[in-house]
Each structure stands twice: as C-alpha cells, then as structure tokens.
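Here subunit A shows up in two complexes: once beside subunit B, once beside subunit C.
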Partner chain A sequence: MAPLEAPVEKWTGKIRELKLGSGGRKTITVGGGTTLPFVKFEGAQPHRPAIAIEVQDKEPTDWSEFLVSAWGDALKNPGAWAKKAAEFGADLLYIRLASAHPEASNTGAAQAKKSASEVLSAVDLPVIFVGPDVAEKDNEVLVAVSDVAKGQRVGLGNCVEKNYKTIAATCMADGHVAIAKTPIEINLAKQLNILLSDVGLSPDSILMDPTTGALGYGLEYTYSVMERLRLAALMGDGMTSMPMICTAGEESWRQKESKATLDVPQAWGDNQERSLIWENVTAISLLAAGADILVLRHPKTVVTVKAALDKSF
Partner chain B sequence: MSRYIATAAIRGAHKVVRQAEELYADALKTVGPDAKIQFKDKGGGGTAYWLPVIYGFTGQKVETIGDLKKSLEHAKGLLPPLPGEHVWLPYLGETLDAGMATLFAEEIIEGIRFAKGQQPETRNGFTFNGPINDVQMRGWGIQMVDGRMPGFAALLGAAKNNEVAVKIVRELQSKGQLVFLSSSSNGRSIVDQLLESGVQLGYDTFTVPFGTDTISTIYALGYASRATFSFGGVTPGDFRRVLLYNKFRCFAFALALGPMDDVKWATGAGAISYGFPAVCDTAVPNILPTGITQYEHVVSMPFDDIPGRDDMERAERLVQRCIEVRGIKIKIATIKIPVAYGPAFEGEVVRRADLQSEFGGKGGMCFEWLTTRPPEEVEDGKVTVVGPDIDKFEVGAKIPLGIVIEVSGRKMQKDFEPVLERQVHHFLNGAEGLQHQGQRDITWIRLSKNAYAKGFRLRHIGDILHGVYHNQFGAIVDKIQVTLYTEPKKVQELIEKARGIYKERNDRIAGLTDEAVDTYYSCSLCQSFAPTHICVINPERVGLCGAYSWLDCKASFEINPTGPNQPVKKGPCIDQTKGEWEGVNKFVYEHSQMKVDRFTVYSVMDSPMTTCGCCECVLALIPEANGFMVVSREDYSMTPSGMTFTTLMGTVGGGLQTPGMMGHGKYYITSKKFILTEGGIKRLVWLSKNLKEELGEELKAAAEAAGVPDLLDRIADGTSATTPDELVAFLQQKQHPALEMPPLL
Partner chain C sequence: MALTGIEIYKYLPKTNCKKCNFPTCLAFAMKVAARVVDITACPDLSAQSKAALESAGRPPIRLVKFGGDTHKVEVGNETVMFRHEKTFYHPPAIMVRIKDTASKEDIAKLVDEVGGYQVERVGMKLTMDGFAVENASKDQARFLEAVETVLAKSGLAVALMSDNPATMDAAVAKAAARKPVVYAATKENWSGMADIAKKHSCPLVVRDSSGLENLVALSEKVAQAGIEDIILDPGVDSFKSSIDSLTEIRRLALKKNFRPLGFPVMTFPGVQAKTTEEEAALAAEQISKYSSVVVLEHFSPALAYPLLTLRLNIYTDPQKPIQMAAGIYEVGAPKPDSPLCITTNFSLTYFSVAGEIEASGVPSWLLICDTEGLSVLTAWAAGKFDAERIAKAVKQFNVADKISHKSIVLPGKVAVLRGELEEELSGWKVLVGPMEAMDVGGYFKKTWKP
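For the complex of A and B:
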C-alpha cells in the first residue's frame, strides 16, 4: 500500500506577530504562524504559545481551596504573587486589577498605579494588565497603569465596544498593546479590530480575547469561533489575524466541577484531581484551537501544559 | 479663493516672517546662538517635542537660537510674492504656503521669546499659560481620541462685550470643546473679558489663555502637531500626515472675534492647512467650497446680524454654526426628563385605571412626522408645544396630538426619513409611564398618572426624541427640533399634510426597483451561528428575517460603516431574469467562506439565496402541483410537502443552498420580483392561512398585476390541503394557473 500523503493546504495569510515587553523588560513574541496550530508539515509556527499566570491586586475571596493552598500567602500581595508566578514558570503575567471593581473595594487610579508599580518592580517578565471589566472603571485604572508602564510595552485590557477608544488612545500614547475582547463571535471580533485600527492603533498592537468557555461550558463554541478566526486570517483577512489570548484558568475554576467539594458524587473522583483536569483539558483544547497566550491559575496546570507543549510543539 | 483674504494673508505672512528675521538677528547679538530654547508652561511643565510645529513639518529639533537659522530659511522659502494689483486670482496654494510660513515664523518668535525669558506672557499681574505641557496634552489627547472631547476652539480677539465672551465660552464648554484663547481686537482680549467677569482660566476649567497677540495662537497648532506624534503614530517630518490626522480626527476650529487684520488672516491660512476652518463674527468674504477643510473654510457671521432675541441667543447660534462648520457630533449624556428612561420600560402597558392622558387610538387623532429641513431652519434642541399642555385637560382625556420632528444633517437623506421616523415607537417606549403603539397617523400614545405626577409634560416627548436621535443617529443627523401640536384645528391640518407625505413615501418605495440602484446591501448579522450565510438585500427583496429593508441597510451603513450592513456593488448583470450579477457573486463568495460561489436573487430552482435560520417564510417546490408553497413561521401545522415549518428549516437553514427551497421575508411574496424566473406569484399554489389574511390587500394587488385577479381564491391553505393529492385536487377544481405553466422539473 502506498504511504498516505498528507493533504497540504496553501494559505495566503499569516497570523500577525506580536511582541510584549520592552524598555529593559524581558520580551516575548507570539503569533506569526502560517498554518493552523500544530499542523507543522503545512507551514511555519515560529513562536511557541506562551503561558501567562493570573495575578490579582487583592486577595481573591472566591477562589477554590486548592488554588489558595497552592499560592499561600503570596495571594495577599501582588508583588510577592508575581514573583512566585515567575518562579512557577510563567512566560508572562496577567494582572487583574480586581480591587477596582465597584462591588469589591472600588479603588481607583492611585491604587492601580501602586499595584502596577509593585508588580513591575518585582519581576522583569512581560506583563498584561486588565481592569475589573466594568467599562468606565477599566478606563480609569488602565490609563493610570499605562502611564506607570510607559515604554515597557505591556498589554492593556479589556477593550470592549463601549470603551475601546480610551484604551486604544492610551496604548498609542504609551506604546502598549490593547486586548480586544468580544463575546465568542467572529464578526464582533473582527469589527472591534477594525474599530481599534480606525482609531489609529496599529493592528500589530492588538491581542484578541475571543472569550473562553470552559470544558462543558461552551468550550466547543469557543473552539469553533477561534478556528474560524484562524481560517479567515490564513485566507488573508488582515483584520482577523491578531494573536489570541484565552483565560482558561479563570473560566475553568469558575465551574462547579472545579469548585464543588461537598456532597460530590463518588463517581466524580478526587476533588483536586478533577479541578486540575478541568483546567488542563480546557487549556490544551484552546491551544489546539489556536490560542497564542493561555492565562492559567494553578501552578500544576502550568507544568502539565508546558509538558504537553514540549511534546507537541 | 477670495482675493481679499489671499492678499491679506500673504501680506500678513511677510510681516510675521520679517519680524522673526529681525528678532533672530537681534537674539544672535543679545543672547547668542547657543542660548537654549525650551517651551514651558507657566507651571514649568515642558515638552519633549522641541518647537512642535517646526518639528512636525521638517523633523528638525530646534534646541538653540542658532538652530533657528534653518527654520527661518524654510519659512522664507515658503513665502510667495505679494500679489500684484492686476492679479485677480491669487491662488489657494500660495495662500496656504504663506500660512505655513507664518506658523514657522510665529513659532520662531515664541522660541526667541523663551530664550530671552519673555514667555509665558505676563500682563496686569496675570500670567498667561504659554504652551500646553506634554502631560496635559496626553490627558486631553486621550479624551479627544475616545470622543469625550471633540476638539478645541481657538478664540481670537475680543467678543462684542464681556457677557457675550462668557456665553461663548460656556456654550463651547457645554459641547465638550476645549477652549484656547489668544490675540486681541482693538487692544482688548477675550482673556481680559473673561477675567473681568470672574471666569477661572486654566487646565482645570478647560480654558487655556496663550497670550494677547496673534502670534501666541501658534501654541494651539503646536498642541495639534504633538497630538499626531502621540496618538497618530506620525513620524516628525511627515507633514502630510500631521495635517491629515488633524483634518480627520481633531475637531478644532478658529473663532475670530472682532475685526480681522493681516496677521490673523495669515495665521488662519496656516490653520486651514490643518483642516481647521475659521468662523468670523464680522463681515468678511466667505470661502464656502469644501477642499482643505472638511466643509466650509471661512464663514462670516456678523454678530449683530445673527437672528436672535438678544446677544445671548446670538452667541449661542454663533457657536452652533461653528459646530456645524467643523462637523462636530454632539452626544447627550443624560436625557433630562422627570421619569426614568431605559429599555426596561419598553414593554410597559398603561391601563385605563392608571391613565392620565391618551393621544390617538380609537376615535382619537395622533400622528408623527419626521422631515428634513435646511440647517438654518432647525434650532437644535428646541421643543415647542403649540396648544394646551396635558395639565389643561382632565384625567383620562383623549387629546389630539401631532408630533413634528424636523432634522437637518450633512449626511441626512430624504430616504432616511421613514427609517428614522419608525424609531419614535422604540424611543418613546423607553420612558417610564409612556406607552407607544403604531406609527404615522395611527399612532396611539398613553401616559400614566404616575408619570404625570412626576412632572411629565408634552415637551418631554421632544426632549427624549432630541437626545436619543443624537445618540443613536448622530452619524446622519446634526440638529433636531420637535414641535408638539394639540390644537385640534392645527393637528387636523397637519395630519392631512402628513398623509400626503406618507403617500409620497409609499409611492417612492413602490417605485424603488432593483434596476434603479447600483448598490445592494449585505447583512452578516447571523454569521455568528450560520457562518457561511450572507444576506444580500435589494430594494425589491426585503431581508429574509423581514427586519431589514434595503433602505434600513443603507441607513445602517451610514450610521455604522464597519457594521453588519455593507454596500454590495451589483457590477455587470449576468442574467436579468434570474437576478444574477457579477458583483453580488463575488461578494457572496468572499463572505461565505468561499462556500457559495454564485446565487440568484429571483430564482429558487437555480442557486437560490441561502438562509441563516431567521426567515419569516419557507418556500418549497411541490412537484405534483407544478408550483410552490409558502409556509409561515407562525404556522405550526402540516403542509403538502409532508413537512412542518420546523422540519423544513432543518433542510433550508444554516447557510445551505438547496435548489427548490429557500427562506424569505413575507413581503417578498408581493414583490414584482418574486421568483421571477419560475413565473412569479402565479406559481404559488399553497400559502399559510395567516399570511393570506395578513397580506390580503397586497396579495390581491400583486395577483391583479399578474393578470389573475382572483388568484388568492385559487391558492390552497392548511384548511383545504395538507397532502399533495388534496392539493392537486383543490388546484384542479379551482383551475389554478400553475397547472398550465411549463413543467418545473
């Protein structure tokens, strides 16, 4: 029997390369692929997907005990947390300014500057900062952080249709990268990229967050939207060709399969193992869908996903 | 180009350049070529962009007096000769060059003044701000990019009096415009006028005093230039992009108060290169045609000739005109009405027991009519009530009401009137305690006792409409005024007039054919779940969901140019009967992930349009009857095809192209282009009963046009046939024309 020949698709497009970190900070480049993820016989994939670890500027109150015990006292201080995340092997950090949420401590620009400075001086890794996902509040804290991090090319997010202009403006002024978040929808994702470019932000300074559904909670929907974004980009659509970031950790640790510890049916097995499986499977599936940066929460997941990448990338 | 203005500007340019030369020669002697030049504001905040206008244009970093030599030569090189007496047409290009030479010279002069410690200016114990520092530029720049602050107004000279000066500044501030102050007229400066009136000036109040001479206006242009480096990614020296960025993104203009002089004209000529127009409150020649600026270049509005009750109203109109000339869009942050407003109230019903007043409905009279007017006839935000208000009527009264909405806008088109007018329903329902139904002359509005008790009166209807139109349709309307009539005679008179307009619109829609336009519109709203489906919407074929007509799409594209409705150029016609065009095929191919390479608009047998899943109706071939059936989404019963609507959707939805079947909007049935290729409405053999009833009149008209006036009686429905056999028997008994038509298969 003749050996099976791999069908090779000829793509005209390319995923954009995006660099984070500058001005003395370590740098990382993602994207640049000329084929679908891991289809190495077909095209180039110059940059390995990067692993970000999520850090918050206040101690989380709703985190699973398994996460709390993995991080210990580091959770109480963003600088210490960031350092520990670097030790656990993060390629970059994803700092959520959670304290600014109106229903949390409702802190503002001053606190954001303080937390950002702490993190930036604690580690030399590339950093992404996101607000509390309340459009007005995001603008307030991100503009402040942008100023502190000027020239260090950090990521700032999340831009949504309501507030993208302010974040884009501050990214342009201070040389940062904007994260464009849309609710699992290809057209909206593309539209936000166009809108950001219209304001004047370079398409090479945009990261897309297509919104992640965890395993069992819309993962397949996310997968299919991401796959379509990649296909569109490879077919030559320059407005869908931005690299993608996925918050796999946050989404999987929100689900009851990760959180529940009481009255759990025996068939569900060990609680901690199950929680980790949830984050692992979500993360690795998203790599296959085309994620360029994965944001994770548990240090063990970082190890597992990195091992998976070592084998397959 | 006005000879008067061109000559004055060129003369002014010569004057300023000469002054710069003299000061430069003097500075070489007094402070020496190595003296440092550093722009700073009065608080000591500086800039990293040297002399920003010169830096932006040439890329030259002026750090010392000696460096000015090159800039000065540049300015002199730009300077055109003074027009001779017999040159009747001095040209725009020369005037613009003179303007640029002026800006260079002005920045050189301020640079020298800084080197000599003469800036920022101090007069009568007041220190002017001088050039804006980089930190403040960045803060305001972000607001200009995100739209909170449209741009800046550079006020030059002095207003008619102190009250007018204050009013102008307040009006500009209320529109979110940053205010820069410079120059003088007859020795008075608007800065004096504002200070005398106790107005606080400075960064905190968004009013920046630069100086008392015209030369200090250069700081405004320096600010504009720096914004392009920070936010436009412009490389200094790339002057074309510096100018274009400002033209399209920085909504700035100059307002010259009091008599003009040569240096003001020269500076204005420089500002025009940035796309910043000038409005003068004195009698000067107008330069109206569009070109370097987006709209008019120079507009004269002699203050005392502005219509208005008093100077305050004249000041308001002057600012309004500036806003129009620069094309600034207004956003209304909160709609000031005494009741809550939001989507939560849209479904609210006002019952009889809660009823305060009622307009229209059975036995009443109420209409709404939106019309376009020339800009000078619309005063933005004006709401007038003609006749007694609600409080003059008893509880539960039925009050006649006419709502007349007059709009103007550079992008407004007559065709958008019905699209905008239809929004009244949605807009008014958002108010708590207000219920709106119907449209045109069958409008029916109810107001609750509670809303009345909170203070809701008729004018608030106008306030809602003004605010929401601005916010949602700001891309096409610039000004909105609303008049509410309750006088029965007047309402009667106007309703007659409005009916005439409604009829005209109906005729226009009826006459709007696919042949009459060269562009169709796409709709990709449903690609989230049907990724390979794309709608192409034609004047004679409404979107398959029924929600988007060609006109709706056209308006939607104007409002949101990156949105789901994009223009589709028809291109060369491939087949007129089938409705196939090269441009449409190309668009469909590119937007269906290359899954559909051609489709026809008027045929169901050959490459019909795809369906997302939202269609109002499904049309399907019934081979035994040699015709088609149309099933409505509201019809749950069995059809002669052996499938219900739901089962049919499984075959036709999801972006599939299924010859012999397709989804469509219900009004497509009454279109002249309804399955034209297969013979049109005469092929319709079965139709859901609810559609027969709902479209009765229109169907009758379409049947008559097809030459079979009683066609509707010969078409079966769920009560007469649910199997092919029953259907064929019914059709034979009624002698349905489809039986005689050429075979479909």
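For the complex of A and C:
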C-alpha cells in the first residue's frame, strides 16, 4: 500500500528553552519542544525532561517511614542531603527552605544564606530554591539566597499572583530564574507570566508551576491544564510557552495512600510498593501531559522515571 | 462521527417530494443531523445511499465489546485527542496475562486474586477486567486446561493468545459464551484467525510491530474478510514509541477518518520491564495516552490500585466533578450526642472524610454543604464554602433536631471560618478539626468535646 502520511499538525509556536545553572555550576536546559510530549513523528523535543530531587533545610517531621529510611541521616543536613541526591541521580535539586515557615522554626535570611551556601558548595548541580510559600517569608529568604547564588542562575520561587514583584526583581538583578506558580488554571498561568514580563523579567527566565494534584487527588485537573498550556504554546501563544515544573513527589507523598501504614485496606496492597507506585504513576502521567521538570522524593522513583526517560529518548 | 446536514443532504434524492413531511430534502437533512428525525423517514433513499450514509456516519473509532454477562467490557469509540476537549468515554480494560506454562495451582491462585480484586474509591467499586490467557507452552491440551481453569474460577473477560489457528479454534469454542478477544491475527495466520473470529463473532486483534503501514495492511485484509470488531496491537512495549505510535493511530482515526486504524488499541506495558515499578510506569503512560486494553504481566494490589485510580482520573468527565447531594449523612449509627462534622460535596472530599470517620469507630453526623463539587480549600478560595453557606446548610437540613448538643466541627483547613460561623450560628459552638481526615479518629477520642 501507499506509505502512510503522518498526521502532523502545523504548530506555529514552540516551548521556550530554559537554562538553569551557570558560573561554574553544571547547567541544564529544558524545553525547546516543537511538538507534544514524546510525539516524534511531528517535531523535536531537543531536551529531555529533567529530574529534580527535593531537599529541605530542616529535617522533615511528617515524612513517610519509607522516605525516611531511604534517606537516613542525610535528612538532618541539607548539604549531606544534597550530596546524596546527586548520588541518587538528580539532574538538579529543588531546595525547600522549610525552616522559614512561621509554624516551623520561623528562621530568616541568615539561616537561608547558611543553608543555601551549604547546598551550593556540596554539589555542582543546578539548583532551585523555594521558600515556605508564605509571602513575606518567601521574599525575605529568597532575596538572601539570591545574593549567595549570584551569577549561578538558580531558580527562585514561588512567585504567585499576590507576591511576585520582589522575587522577579531579585531574579533580574542576580540573573536567576523565577518559578511562577498558579492554581491549576490556564488564564492565571498566562496572566502571571505577563505580569512577570511586564516588570522586566525575560520570558526565558520563567518556569511555570501549574500546581500539582497527586494521583487520586486532582491529578486530572493538573493533567488537563498542562495539556491546554502546551497546546496554547504550540499554537503560538508566547505567554504560555514557558517550561513546566511539577512537584509530583511532594503531592503524592502527602496523601494517605503514601503515608498510611496502619489499618490500611487490604485492597491497597503492600504499603511500600503502593506508595512508590503512587509517586511513579503521578510523575509519569504528568510527563505525558508535558512536564519539563519533575520534582521527586523517593530515590527509587528517580530510578524508575529516569529509566523511562532513557528509553523515550 | 456525526454527519452535518450538508453531508447528509448529498445522499438524498434531492426531489423535494415532501414525503418525509419536510418541505425540502435539505430541511430534512438538517433535522436528521440534529437527530430530530431518522433517515428512514425518506422512503426514496436508495439502498446504496443508505449504506454509504451508514458508513460515513460510523464513529471514527469503533466501539468494541467483549466479555460475558458477568463482566462486559466496551472499549474504543473515543471522539477527542484530549480529555478537556470533551471527555474520554471508554476506560481501558486492565487485564493480566496468564501463561499456560504455569502450574494449575498457580494459575488458579492468580485467577482468584485478580478476579476477586476490588477496591473502593469515591464510592465506586473498581475491579480488574480480565485475563489474557497465553498458549506459551504451544501445547493445545495444556492451553485448553488453563482456559478452563480461568473460565471456571472467574467471570471476568478473557483474551485468548495463540498463534495456532487450530488451537485457537478449540479455545474460542470453550470460551464462546464469554465472547473472548482472539489474539492475534498476524501476517502469517490472519486468514485462519479471521475465520475463527467470524465463526464465533469475537473481536480479533491484529498484531504487527514492524510499522504502522504493515499494521494497516493487515487491518484492511481482516476487515475485507468480514471482521468488524478489530483491536490493534502495534507492538509498543517500550517508552520509545508508545505515545508516538498511539498518537499517530488516534490522530489518523479521528482527524483523517482513516478506517483501517479506527479501532481500539491493545498494549503490553510489562513485556520489557525489569521491575514492577517500570511496568507500572509504562502502564500509567498508556492509560493516559490512548491504550484501550492494557495487559499486565504481573498482578499485585499495590500495582492495581494506583492504575485503577489513574484510569478513573483520566476518564472522569472534566465538565462535571463527581458530586454528592447536599444533606445530613449518618456515618455509622450516630446518636443525638455524637459529633457533627461539616464538609463539602466534592465526592472525593466526602468519601475521604466519611471513610475516616467510619474507620475511627466513632459514629458521627456528617453535614454536606453544596459547594458545587469543589474540595475544601478550592471551595473556600472560590467563595463557595463560607460561614453563610454552612449556616444555611445547618438550618436547611434541620440539623439541630437530630443532635442534643450544639457544636459543629470544621475541617482544619478552613479554621479561619470559625469566628464568622459562630456569628452566623448564634448559640452554637464551632470546633476546628484536624487538617487531614485521617487524623479525625484521634481527634474524636482525645480532643472532641461538644
């Protein structure tokens, strides 16, 4: 028979390329796709999605025993944790400055500088820093970190609609990338990108966090918003074409399916196996929807998702 | 694919004879397109036009049914590339491969496990769909024995896998009442397999992993042999080509109305996997992206539950979140002095909370406020779960008549509503519960006081 004509769509846009890391630090570039994720017959995905591992600047108190046993004592120290994350195969690190949360230790700029320096000197991977997601605190700690990481092109977040100006200004001053986080809504995502651009931040220095719902806990909403953002970008909308980051690990490990070990219904199966697959399935399905950076928690999930990516490319 | 009025008009006699009770053929065509009247109301339509119309009006991806009375499966007939464009209609069947090289005991055990598996989520009972029984031994007697074991021990659907038409014929005959999937017609054996599928009116899988063109050629041959219920196996058992091939197939079917690929697709995500996690990963990708029958190599509850949950997520209608009716619900058998909790009518929220209250062993009243199907914080942020609405629900459902105390427990995530709610509900005490429902048992036992 006659050769099949591939059903290509004529996209006019492309996903922006975004580079993290500089000034002696390893670099990584994500984005750049001219087609939907993993659709090869139609275009290119020049950079494979990257795996970030989450690290916190204080020992987590509510983590599942399976995470705790996988990381061991490294959890007590951000530098050691970062090193171990690099050994476990992270392409970059996602550092949550959790100690600054008013309900945690309420630390401030000084501690943030210290934690950031520890991490930055422990590893040469690209790094993203996020605050405790409390507006004033985020500003305080991220400005401090920005200074320490000057010239190393780290990511700083989260910028939200009500609180983006300070972080954006800092990113511009020190050459960093802003993480723009919006609650699973395409217009809000686009709006925040516009706001950030309007204050002078280059669209090529923005990473979008569309907000992740875990498997069984809103995944489908995130999935569809990401697909819509991708499609809008490919159709030429330059204000939705920033690469996307998904906190798949954090969200799935918060859920009962990952945490519970007592009185678990029999049909849920083995606790450890299930919690690993929960994170894995959340991550893989968000990759299919267009994630460019996945933030994971369990080293085994990193192995599985990386194996999947190795085979995809 | 639904035809437009103009497309239908092309096939009509164009005499405007009004026998259909419409003034013109065009007017009639418009009404047919709007499904107000059936095409048969035109007495002058030629048999040829009728057939052409039927074929043009066929859905671009055929709905294929298999399975017996105890468990029917319907796959295919999807109409969009992305769930947000409308919705996905027919969730993929999730099946487990059974090789006839396994011992009879092992087969029986696996069938029991898979067949009996059921997990509850948002009030729905999720189950597996069936078994793909494979003639791995190449021995006919052994295969038939395995098929018999499967049929005897479970009512789920079956696919029968053998390359040998004679063996397949015997197996399909045994399983005929279950309407099994015949797997598979290949370049070599398609004619014999097509005969069997036709004889027993069973769906036939066509398999060719050497490229879509060859799959198309095979699908066309089988269709010409009179098989309508086809399932495609493009042989994607790796991340390398899964999304790529399955997107190409679906686009050709939906966008180009390309008939030879207008069928559901079957995939085997575990064939190359080194670990269960890897199998889960590819299965997750294929549930998200365009597989209609997913055959696993392994089964464990810890693998099944996340995959069934993903299937539920992806195949939920994005236009309407699954909701509960507002009202006062009894969890356990609450008495007048039992706790009263409030939550939203998003069914995921309701079932999380109701499930935990039940597990706590403390019977309670659970008041569901109409938040238009939104979760606690989403509803709160959208202004649909505020003191006013909660107070209204308390009054509307006469909650005070059921309980002897006057205290109500708020979800921890909306602790901020406490003050306002105390103002709205004068004489009531507003308590703040834990953030997560899973901590509600401890809260009832240690903290709660009306």
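In this text, the second predicted complex is superposed on the first by the 307 of 313 C-alpha atoms of A that agree within 3 Å, B and C clash if a C-alpha of one lies under 4 Å from a C-alpha of the other, contacts with A are read in each partner's own complex, and residues count from 1 in each chain.
Everything below uses one rule, namely that contacts are C-beta pairs under 8 Å (C-beta built on N, C-alpha and C of every residue); 3 or more make two chains touch, one makes a residue touch a chain.
Just so you know, these numbers come straight off a predicted model, no measurement behind them.
Engineer: State whether A:187 touches subunit B only (first), subunit C only (second), both chains, or neither.
Structural biologist: Only subunit B; A:187 stays clear of subunit C.
Engineer: Is A:165 touching anything from subunit B or subunit C once the two structures are fitted on A? First, second, both or neither.
Structural biologist: A:165 sits against subunit B, while subunit C stays out of touch.
Engineer: Now for A:143: first (subunit B), second (subunit C), both, or neither, which partner does it touch?
Structural biologist: In the superposition, A:143 contacts subunit B only.
Engineer: Mind telling me which of the two, subunit B or subunit C, contacts the most residues of subunit A?
Structural biologist: The partner with more contacted residues on subunit A is C.
Engineer: Mind working out whether A:228 is in touch with subunit B, subunit C, both or neither, as first, second, both or neither?
Structural biologist: In the superposition, A:228 touches subunit B and subunit C alike.
Engineer: Residues of subunit A that sit at the subunit B interface in one complex and at the subunit C interface in the other, please.
Structural biologist: The overlap between the subunit B and subunit C interfaces on subunit A comprises residues 228, 231.
Engineer: Give every residue of subunit B touching subunit A within the complex, in rising order.
Structural biologist: 138, 141-142, 144-147, 230-233, 245, 249, 524-525, 527-528, 531, 562-564, 593-594
Engineer: If we count contacts the way the header does, which residues on subunit C are in touch with subunit A in the complex?
Structural biologist: Per the stated touch rule, the residues are 82-84, 117-121, 212-213, 216-217, 220, 238-244, 247-248, 251-252, 255-256, 274-278, 280-282, 284-285, 287-289, 300-307, 309-310, 312-314, 316, 318, 348, 352, 359, 375, 381, 436, 438.
Engineer: Which residues of subunit A touch subunit B in their complex?
Structural biologist: Counting only subunit A, the residues touching subunit B are 139, 143, 163, 165-166, 168-170, 172-173, 185-188, 191, 194-195, 198-200, 202, 228, 231-232, 235.
Engineer: Please name which positions on subunit A make contact with subunit C in the complex.
Structural biologist: 1, 3-4, 6-7, 36-41, 183, 215-221, 223-224, 227-228, 231, 256-257, 259-260, 263, 265-271, 273-274, 276-278, 280-281, 284-285, 287-289, 300-301, 303-305, 307-309, 311-312
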